[in-house]
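Letters are used for the chains, namely A, B and C, taken in the order the chains are written, and counting of residues starts over at 1 for each.
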Amino acid sequence: MSEAEQDYSAAGEIGQVRTRRTATQRAWLALKKAPFSAWFGMIVIAAYGFVAIFAPLIAPYGESQVFPAPFAPWGGEHVFGTDQIGRDVLTRLIYGARNTIGIALATTLLAFVIGGGLGLVAAINRRWLDQLLSRFVDILMAIPSLIFALMLLSIFGSTITSLVIIIAVLDSTRVFRLTRAVAMNVVVMDYVEAARLRGEGLGWIMRREILPNIMPPLVAEFGLRFCFVFLTIAALSFLGVGIQPPTADWGSMVRDNASLIQFAQYDITAALTPLLPAAAIALLTVAVNFVVDWFLHKTSGLRDEH
Amino acid sequence: MNTKSGKGKVLLKMRDVRIDGFSDERWHEIVKGVDLTLRRGEVMGLIGESGAGKSTLGLAAMGFARPGCRLTSGEIVFDGIDLMAASETEKRVLWGRRIAYVAQSAAAAFNPAHRLIEQTVEATVGEANAAEARQDARELYASLQLPDPDHIGERYPHQVSGGQLQRVMTAMAMSPRPDLIIFDEPTTALDVTTQVDVLSAMRDIVEKFDTAAIYITHDLAVVAQMADFIKVLRYGEEVEEAPTRTMLSKPKQDYTKSLWSVRALAKPEEPADDIALSVENVDASYGGTVKVLHDVTIHAPRGRTVAIVGESGSGKSTTARVITGLLPPSTGRVVFDGEPLPAALRDRSKDQLRRIQMIYQMADTAMNPRHTVGEIIGRPLEFYLGLSGRKRDDRVNELLAMIELDESFIDRLPSELSGGQKQRICIARALAAEPQVIICDEVTSALDQIVQEGILKLLLRLQKEFGLTYLFITHDIATVKAISDEIVVMYQGGVVEQGLKSEILGPPFPDYTKLLLSSVPEMDPDWLTGLIAERDGK
Amino acid sequence: MHPVVTTVIQRLALGLMTLFFVSIIIFASIEMLPGDFGETVLGQAATEETVEAFRKELGLDKPSYVRYFDWIGSVMSGDLGTSFSGRASSGVDRSRPVIDLVAPRLWNTLFLAGMTAIIAVPLALFLGITAALYRNSLYDRTVNATTLTTISFPEFFVAYLLILFLASLTQTFPSLANVTADTPFLERVNKSALPALTLTLVIVAHMMRMTRAAIINLLASPYIEMARLKGVSRMRVILRHALPNAWAPIAVVIAFNLAYLVVGVVVVEVVFVYPGIGQLMVDAVTTRDIPVVQACALIFAATYILLNLTADIISIVTNPRLLHPR
């Protein structure tokens, strides 16, 4: 809305001129205004990323190094004790970050390549291809994805490759729907029509006109989908049909040590052992959700930005 | 129900009212200390452009602030009751019973789940006998000239037309016989021919019950029919206030004068025979079923402006889609420079595309919000003319100068421009292609009056300089007078007539043209009275 | 015909179609089995004849469309096939019909889901609606922050936290929900308390947030503002103006979350060793007992489709535009 009063001249009309800032300056400015929850989320994500990347340097022992004492108590040589066959729990947690997050990230990226690409094409094409893809996605989405994943895993077996592909394909349906929906909102804009009237090709329209305008919701969706994929993989591993031993992973760690929880009255630390990986999962999803929440809030008001 | 008494006594008094609106995560003042006094039985017109704060002020007269707004200071006294201090419960006793509100979009303001008559009498049944209130509502429907007044109330909102719904809402406001009605742009969403009927119905009923009213609008000609006096707002502040006739004949402020400057523009028509573009016997339909154009023929002489006028649904924009190739016609053809154009967009050559350009109504959606002005104007230069680097930038600067903007605009984003500047950039983008024909689709109707004038003058100047041919689609007769040489009148997908401006705007008229032209409100407080008398006389 | 009836029939037909395609997908899964599957099920020592007999039983010698109609025909008459487990290379067949495995467990799962829904749905609607009415209040923000956190928790984390505090440390509820067909009702409720509570916590968070969003969206409609400006009391605005238009969004929220519940049940059943269909499915996946997996998947998918269909139909029959056509 215009603020000051002024006599008329085209150049003097009041527009909202933003101060010219570099991308880094703008990012820093946004970060400074970010609420505590967003900061908390970003710090947690950064910490997880650090642990995941430098896992071999941080971990005290090898990923599947077995020690003589199974279910060793906390403290001493093993900060969080050992698991049911005598592997160091802290080491497994650290390697678990690498495996669990890495696999979830790869899956989400694949889901976005498939779902995002097809969603864009469907939004622009709008004819038989759109109809075909949309109906197919409707049917895939009529089966709960965890159930679908369980069924497919029983057929293809629980290797990491099949896990990544199955979850990515199932999850890409949701990415497809979102991309198609937001892209359709952009496709009907006059500037896309103007580009078509100018004679621009499909590639240019997709890359230059549509993609930049659908990035914010897609980035937010990436965070949410990552959480969902991460939780699905953790759930499958917990059920024993996801990531298989000896690969360290949080979902199966919970399952392996679950029986310890019965001994809470005698040794509370032992009972906490299965909760550690579960809490590690929860903390990361909470962190991502906080950041996404802030990001959504931020970008929804994009047009009024000064 | 309240009995009317004490005409001329002050009913509503607002002093130094300030209202904040919340945007960009902070509060901004949007109404900056406005005074307002309204006496019983008086109708005040509240006029201003978008963002002037008129709706906010109108709601404040009820002691109401929309979510995201807050009344910060000032005094609002309605018939001795301090609305700033009153609690929500105290105000609720007034709302609907002594102060009523008529909203802009009737379709959205009626609850889809209930019958019209139940909603009409909802505020009244608290005090009166329900059967009595319903009977009264039916009488109100009749005096508002609604068809079948005895039964229309049994319908649901989606079962009646927009113009009828707006009248039912007026009946709803009138049902408890309030002391004051706030009309918030009640006719803005209606077509001109419908607007006339709704306006006269509203005016009659307000007069009949001697109700005080605040009539909010951006259209001075409309308010002139309704109001005893007019207050002009701009940027949340009062510009001036005067009785209607004084305001129209002797406005004091330059700003007020500029409000109808467009109506003063008139381009002398120049006939021409050299036809640049013609649409010949075109039929078109969407999806092969719904026929939207029948046998449309339009000729556009080179270097002239052809205005295509008509109401919503008349097929004006569809004609533009046929010319640009977005909607290939089922029969007929488009001839450009003596050669027929391929029907579909993808069959046209780059050069054919270059020579016909288009400017849109909403400059906001016509520019990619992520591209800078330089990219927006530069792209056609690059695409059609193969300019790049330094040459391209120089040409962009030349084009900016042509549209009266300077080089500093080159790296702005659309969100950093005002409405008028955005439309100028769109004009520059069209010019960059060095076209012969430009299709202007309602290019000024989303703009404030004062900006409209600037844009129209710019278009006229560019036409002279480059010999451009304009196809100017609009529903606004004042704009037609300002820019056109020839006029095409369209109605329900067909052409009613085409001819020189003087021929179309002067008698003899075909019936529809006459209805359309006579329905356009004029800057004369007696226009509506005269028109209704004339129509009734026949 | 009345437009509501035609729309409902259309939607039902669409639901049946979806179910049909879903059954094809589930059936097709068996087609993708590797060729040496017989050996995997029957063990390395299986003779060629037993493997061949097994293939014949699966109908692998017939064209696939024939097998599909055989399969879907027997599914509709209540025959879900025979489990793979209990087969041995020796050819001795101790396998059981899938229906005998599924039926009692399906009842258990429905009991758990029903128990959860009875607590969770009213609670979530109450929290969601009050949070929407008192938007931005301390209450709203607290409920919001809490639910945002809970949504992010994996089900098994919530489950083990509850076990730790309510079973292991305080012995309030049993941590094993090993109900059988003869368990008396009250004991069954007591044993199912922790799984039901876990599911409730997870569902309420989602459902409350969605209800809140739906109600806020509804309250932003111009006709609600109009009703307020008519001086209608707060209660009447809610009951008369908001509620009749709220059925559709609320039905969608409930159906979505009950569908979510159907899936959430799998993990929770495994944690509490609750003998439901979810656990059965997970066991079958581990042993690659395809007929059981197919049966479970079909049941889950059918429930899912049915729930969404119900929400659609509620939206249709409460839509005034369809109820009162022009």
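To be clear about the criterion, contacts are C-beta pairs under 8 Å (C-beta built on N, C-alpha and C of every residue); 3 or more make two chains touch, one makes a residue touch a chain.
Everything quoted here is computed from the prediction, not taken from an experiment.
Trainee: So, comparing each chain's Cα centre against the centre of all protein Cα atoms, which one is closest?
Mentor: Central chain: A.
Trainee: Pick out whichever of the two, A-B or A-C, is joined by more C-beta pairs in contact.
Mentor: When the contacts at A-C and A-B are counted, A-C has more.
Trainee: Where the centres are mean C-alpha positions, what is the separation of subunit B from subunit C, in Å?
Mentor: 51
Trainee: Between subunit A and subunit C, what's the gap in Å when you average each chain's C-alpha atoms?
Mentor: Roughly 24 Å, centre to centre.
Trainee: Could you put a whole-Å number on the gap between the CA centroids of subunit A and subunit B?
Mentor: Here subunit A and subunit B have centroids separated by 46 Å.
Trainee: Show me the residue ranges of subunit A that touch subunit C in the complex, using the header's touch definition.
Mentor: 138-140, 142-148, 150-156, 227, 231, 234-235, 238-241, 254, 258, 261-265, 271, 274-275, 278-279, 281-282, 285-286, 288-290, 293
Trainee: For subunit C, which residues count as touching subunit B in their complex?
Mentor: Counting only subunit C, the residues touching subunit B are 220-223, 225-233, 240-241, 244-245, 320-321, 324, 326.
Trainee: For subunit A, which residues count as touching subunit B in their complex?
Mentor: 1-5, 8-11, 13-18, 20, 189-191, 193-194, 196-200, 208-209, 212-213, 301, 303-306
Trainee: Considering the complex alone, what residue numbers of subunit C touch subunit A?
Mentor: 18-19, 21-22, 25-26, 29-30, 32-33, 148-149, 151-157, 160-161, 163-164, 168-169, 175, 259, 262-263, 266-267, 270-271, 281-282, 284-286, 288-290, 293-294, 296-297, 300-301, 304-305, 308
Trainee: Any idea which subunit B residues touch subunit C in the complex?
Mentor: 62, 64, 66-67, 92-97, 100-101, 103, 105, 108-114, 122-123, 155-156, 158-159, 172
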